[in-house]
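Next come two complexes built around chain A: one with chain B, the other with chain C.
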Partner chain A sequence: MKKEMLRMERITYREQGIVRLDNFSMTILSGEIFGLVPVNHYGLETLLKLLKQNLPLHYGYVYYREKEVNSWKKPINTVNRISVIQNKSCLAEDLTVADNIFVLRGGFKKWLIRPSLLKKQLSPFLSEIGIEIDADAYVEALTAFQRFVVELLKAVIAGNQLIVLKDISTFISESELFKLHEIIRYYARRGISFLYIASHFEEARQICDRTALMVNGQITKCFSAEDTPPETFPLQSVEDYDKWVRTQFDRAEEEKGRHAIFEIKNLFYRNISNLNIRVSPGECLIVQDLDDSLFGDLIKLLEGEKPKGGEILIEGETYSRKKSRKIGIIQELPLETMIFPHMSYMDNLCFSMDHRLRKIWVSRGIRKSIMQEYEKLLGEEVFEKKISDLTRKEKYDLIYTRILLQKPGVVFCVQPFKGAEVDIRSHIWELLERFQNKGIAVVILAVNLADSLALADRLVRVKHGKVQEVYDKKEFIKLPVNTPWLYLYQEKYALEFQNEKE
Partner chain B sequence: MNRDKIRFLSYRVLILGLGTGLLLLVLLLILLFFAVSAERTLFVPFFIGTALTILLIWGAVIWIIKPYYRMENNFRLFLEGYTTSNVSGNDEQITPSGELMAERLQTIMNSAELLNMNKRQAQYLALQNQINPHFLYNTLESIRSEALLSGLVSVADMTEALAGFFRYTISKVENLVSVEEELQNCETYFKIQQYRFGERLQLVVECEEEDKEEIYRCRIPKLTMQPILENSIIHGTECKLGVGHLKIVLEKIGKRLMIRISDDGVGMDTKTLADMNEKLQKSAKAFSAQESETKGGIALINVNNRIHLLFGEEYGLHVYSMPDVGTDVEIILPAISSDREIPNKEALG
Partner chain C sequence: MNLKKQNPIKKILSIKGMGGAITAFIGLVIIYVAFGIINPTVFSGQNIMNLLRSMSKYLLIGIGQSYLLITGNIDLSIGSVVAMSAMISATLMTQGVNPLIAILITLLCCLIVGVINGFLVGKCQLPPFIATMGTMFVARGVAYIVNGNRNTDAISSGIGKEAGESFQNFFYYGNTFGVYNTFWIAIILFVIFFFLLSKTRTGRHIYAIGSNVEAAKLSGVSVLATTTKAYLVSAFCSFVVGLILCAQAGMGNMEAGNVYEMYGVAAGVIGGVSPLGGTGILLGTLAGAAVWQTLENGLNMIGAQVGIQRLVIGIIVVVAVLLDVVVRSGTFKKKGSTKTAS
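Here is the complex of A and B:
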């Protein structure tokens, strides 16, 4: 007989009068890996909050391990023993692995801490999952994958029977993700349940027993692993996407053999070791980090740090801080890091274009003409809106148009699709394509290939700070990964690939 | 004062009012006492006064304001149609007569008549009222015999299935049946529909072998699965081109029985789905609303209401659907094997 780990029965939850979860029902069984794909992120944060804490419900019931822990009748405001693991680590950076796992545990009551004993206690847990992590290592020195394993162990050792994993593929590499899936399956066999939140149905399907789609704060459909995924997946965006990728194929073939606008030659810096990358105007290059060691260092170099060896060239000249406006950087989760809420829309839009128009801050005429030129793209009303009143789509428009106005030679985008819902993701494709149409090269720094591959002309896979493999668009079908919509490339290039083989 | 009476907010207000008056009196006396002895400071009466005032405020919050908001919330949810069971379920009430009124309301809401009213599957009841069942069975038997004599085996089988279906829906008037009986009725109904749709309709029943015996013994309200299966055929697969696949999944999860009836038909959009689930959630509204029988989804609401009345609001139906992908109707029930285990036995009449 199956056992129930968590059941949320017809939950309606309101925050300041706004319905965040609407008639939300979800059941996770004991030892089950349950996938959740939020088509839009509406209500997702609320769901995580409600999983951790039994907040007063407008209506509905929550059962954890077959016991009612929350109901609209009697709000109890207690905390559930459920762990949430996401990009933002909850470990104490300046404590060791063993301290984080054992000492910070709720039931730890010892006055004297013996590191050797903790190390001994941790060792069987590590060996059963086949992972080697030094128990005395400080958390700040761990890789993203190791941090994830430590968080997982912490949850398991604390006796939490349900672990929520949110967007893990965006911060650990592919090979690590494969290892992690093995670990998750191991613990699932031992009766621990997982709620696996992923942006892509294909990713969730690789590991989950059942996968549910969440739209506007309610679950609309649930698919078991045996179900054939419907052709119309994910929702209605596939058809448009297919058309769009096919036009990209043709475009790439037209624009071959151009000069390099940006080049990295034999670069050495911290984790970067003899890195070589070049990109042409209007080209889209994906740099996939296989061990999550490159992005931080590369961004620091682009912000003006000097490399230990090698050089970075922009338009054939050595790159320096003075030429920083020739490179545009779109940070990870840009809505949180690249918008200044206390500034007006126009100030947010224009503040990186002063190198082009020096009088921009004194001349109203220039700003008015910019407004007139871009109102077709951005909409007429947005210029009058407060930043806090903008929709997510309008905020993305603002950030990408700011970079467009900056007119750089190349734009670096750090995981541009991370945290974006399905309709926003297709909008980001359009925004990135806008750069390409203006002759601006686009470099996407990605851990996960989903979404990014659609735009790419080339893919460079980097490991230990240097290039491991380079794939041309036609070679994407050789990719040893299961990426969404890879079938389009297979469909297009399979015949050519077959002929080449013969 | 009788301890039971403290449950009523009116009594609590009275007690706190008397307490406040008493406090003021005590403070006045202390002040007088301190006023006559000039050497003493006013610190002590001030301290005592503050402490007693805080105590009174705390008492008012815990004893009156919080229960009041809890009660207000329950009434609001009742008016919005979320619940029928909690009008009198509060630990506190405003006045004794208020409590009696809520109890009376609860009796009306839970009565057997209400259950019967919501047990209406109009077409079956109409048949029950207007047609003598024996006359119907005898006639169907005669048709079957005639068909067999003429060598029309398919007509004979169809007539047999139809007779079986009517026998179940009309004759067995008890409220609870076993899952096995209900499933048999679904299969009979499906057989009748297959004469119409042929190979265009397929049904699969899934149940884990180790739990099968236990699940099949479980007691569920009569006509729980068949109306939903009918809905899946009529609103889901009938409008679809090609073969329509229907699936009934039976699972026992802990103390609950989960029945999922799925189709791969036309499905419904997010808005229609949200409206459907809202109707199922706000069952109290459905009790009072006299909606047209022909309106889509009434079968689901009826089944849901019966489950709510018999087992409580934590059980019932939930619908999942996606356009062009299909619809799943999930029925959650307590896994009981005896009619004596029903929480609301009065509702059975």
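Here is the complex of A and C:
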């Protein structure tokens, strides 16, 4: 019988008087890959905090490696040797790979550091997982995938027996994810356990031995790998979302404009090599980056950098910094990247429309009329709130409405659903549709296709900075990946696809 | 709509940075009254006039530095540009150049320093501390070289006694409506730059860069242009202070404006301008400059040693910055307790 790696038993935990985890129980066995799908993010950060540190509990017990490490009866406030790997890297950027793995480790006692020795020590670890990374390379020069591997190795070498992986599919590409799954399975066979947190059930099931569903700080259901989900989409708590997707999916069949509002022609710039993309007004295009090399460069170009070759056209004219307001950009994790925390709500809202209304900062009347026009959409209270007091939904509203007021021809959204819980994801969907309804083209830059696909009219898959495949909506059924709501396309277009084949 | 019902006082207090400015004004009143009680001469009309005139230099320097602090940058070259301005204008005037032309040439030279600072920080991405430290030495070097490594003669020796006096009266000794011209110059510039910062697109861009530079870039803001504009404001203010110092002494002094950049930082942060960028209003800088000058003046009047004066001012600056950091990090917010079952 397998040993227990972690057991959280009937945990109730309060933060500032609010219950964050309510009667939460979870058991992870040794060598198991345990999936966790948080329907909303309520309690998720608290769970991660409690895994790392034994904070005083309201009720419950925590056992790690079959020893009681925390109990509501006698809080100990110690730290557990559990690693959490997520989008935000915990590595020191300016140090080498070997330094990060060996030197920045609790147990490292040597006074004199010998890089050649560290390199030698690292080599077997790398070769057993079939990965090549230079031990002397600086972390800042590594790709997202390599950083991930370094963090994983750091955890393994530090002797941590439980590793938490949070939303990893949002920052590494599909092929890298496949490689990573192999590495995870390898370590799982060696007895290391993993808690795999993913936004989608389909993703978690691809690798996990068991997958649990977390709602409002509680685990409500747990499926083993052998369990057949009772319905196409088994998670009752997100059924509404599923239904909503179906409705939207059927609705989004209207004719889109045919002429190109935005076009990239034979573009060359750093990692981009002969890239060609075009998008029409009101169209939703997904650009999937298969090797995580495109987005940074593309955003730089949209910020006004000059390409090495080729051209970017907006409304038929060459794009330059002066025309930057014709393109809206929403960076990934917009709540952190797109808000001006020290400015007022109205200043944030109107920030990028001063090219249209030059007197906006002088005239209160203009701002007042904007306020009146948008208070129905945004709510009356938000205008008086401090930015820090806004809810997540209100912040999303603010960012997307700001871009709407900017009136761009096309909006680029970098991984818009990343880090968002289910109700926020459906809200983002509505916000993106608002752009489309106004005739604004939407380009979603995504690493994985979850959530984006049902909104898309076309999908462009890019590798090595070049378009590899283009899929029209009807061809999504041919996609070689398992992604949420793919079954909708299968239901809708299977017959057509079959006929076409015959 | 809720906004219509809002209490005007609450509305004023809700302006970001207003809290710092009001605190500085309250501090100013307390300090002034306290010094006045110890030595009633502090309340005399002549002292108030002198106080306003001396404060004007710090206010102008503070305006320039505040613009940069709000963008999240700093300008260490301010003091040297002040010296450069004083030396170039004085040298030209001692050589008989028309004061107006001398002023224009000086303005051009000072603005060039502003453009260089903006380019180094905005385009070359040099840390502002290092970039402006470089231009600080360069500008001071120019101030030395311009008259062959010595202070200038009296400006009236070149442009004549009448023109020299006019120049000195206009910038320093003359008064309008019973208040020294220096103060009026500072107040007019204050109003212009206050308007620029709070009511114009450039002003919003300055705040945006200090608040979230990446978001600003994504919203189509040119970081280079906005940073350069902020450095130009700073250079312009230094230029005016240089002329004031030149008028005050009636000659050019190579050491003029020494450590003025730090006075600018102090005026800003005492008035609630955050050295971390993104917040602060020029009203606060006005209060900060007044606090600084009142402290200097008051400590002087009560006969405190120079060492004590510096010590008190230093402590106040540190406390002001500490307050800013505390407010930003929310350390004073009531921490919720994690209860355990009994």
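The rule is short, and it goes like this: the second predicted complex is superposed on the first by the 476 of 502 C-alpha atoms of A that agree within 3 Å, B and C clash if a C-alpha of one lies under 4 Å from a C-alpha of the other, contacts with A are read in each partner's own complex, and residues count from 1 in each chain.
In this section, contacts are C-beta pairs under 8 Å (C-beta built on N, C-alpha and C of every residue); 3 or more make two chains touch, one makes a residue touch a chain.
All figures in this text were calculated on a predicted structure; none of them were measured in a lab.
Legend: residue contacts after superposition of the two complexes on their common chain; A:Lys478 is shown touching neither chain B nor chain C. Residue contacts after overlaying the shared chain place A:Phe351 against chain C, while chain B stays out of touching range. In the superposition on chain A, no contact is made by A:His259 with either chain B or chain C. When both complexes are overlaid on chain A, the residue A:Met371 reaches chain C alone and has no touch with chain B. Once the two complexes are overlaid on the shared chain, A:Arg185 sits clear of chain B and of chain C alike. Shared-chain residue A:Trp72: touches chain B and chain C both. The partner of chain A that touches more of its residues, comparing chain B with chain C, is C. When the two complexes are overlaid on their common chain A, residue A:Leu29 makes contact with chain B while staying clear of chain C. Of the two partner chains, neither chain B nor chain C is touched by A:Lys308. By the touch criterion defined above, A:Glu380 reaches chain C but does not reach chain B.
58-59, 72 are the residues of chain A that lie in the contact sets of both chain B and chain C, per the superposition on chain A. Of all residues in chain A, only 13-17, 55-59, 72, 75, 299, 303-304, 321, 324-325, 329-331, 337-344, 347, 351-352, 354-355, 358, 360-362, 368, 371-372, 375, 380-381, 383-384, 402, 406 touch chain C in the complex they form. The residues of chain A lying in touch with chain B in their complex are 1-4, 9-10, 12, 22-23, 25, 27, 29, 58-59, 61, 66, 72-73, 213, 215-216, 218-222, 230, 232. Contacts from chain B toward chain A in the complex involve residues 74, 77, 82-83, 86, 89, 210-211, 214, 251-256, 258, 270, 273-274, 277-278, 280-281, 314, 316, 318, 320-326, 328, 330, 332.
Taken in their complex, chain C has these residues touching chain A: 1-3, 6, 14, 16, 198-201, 203-204, 207-208, 210-212, 214-220, 222, 274, 278-279, 335-341.
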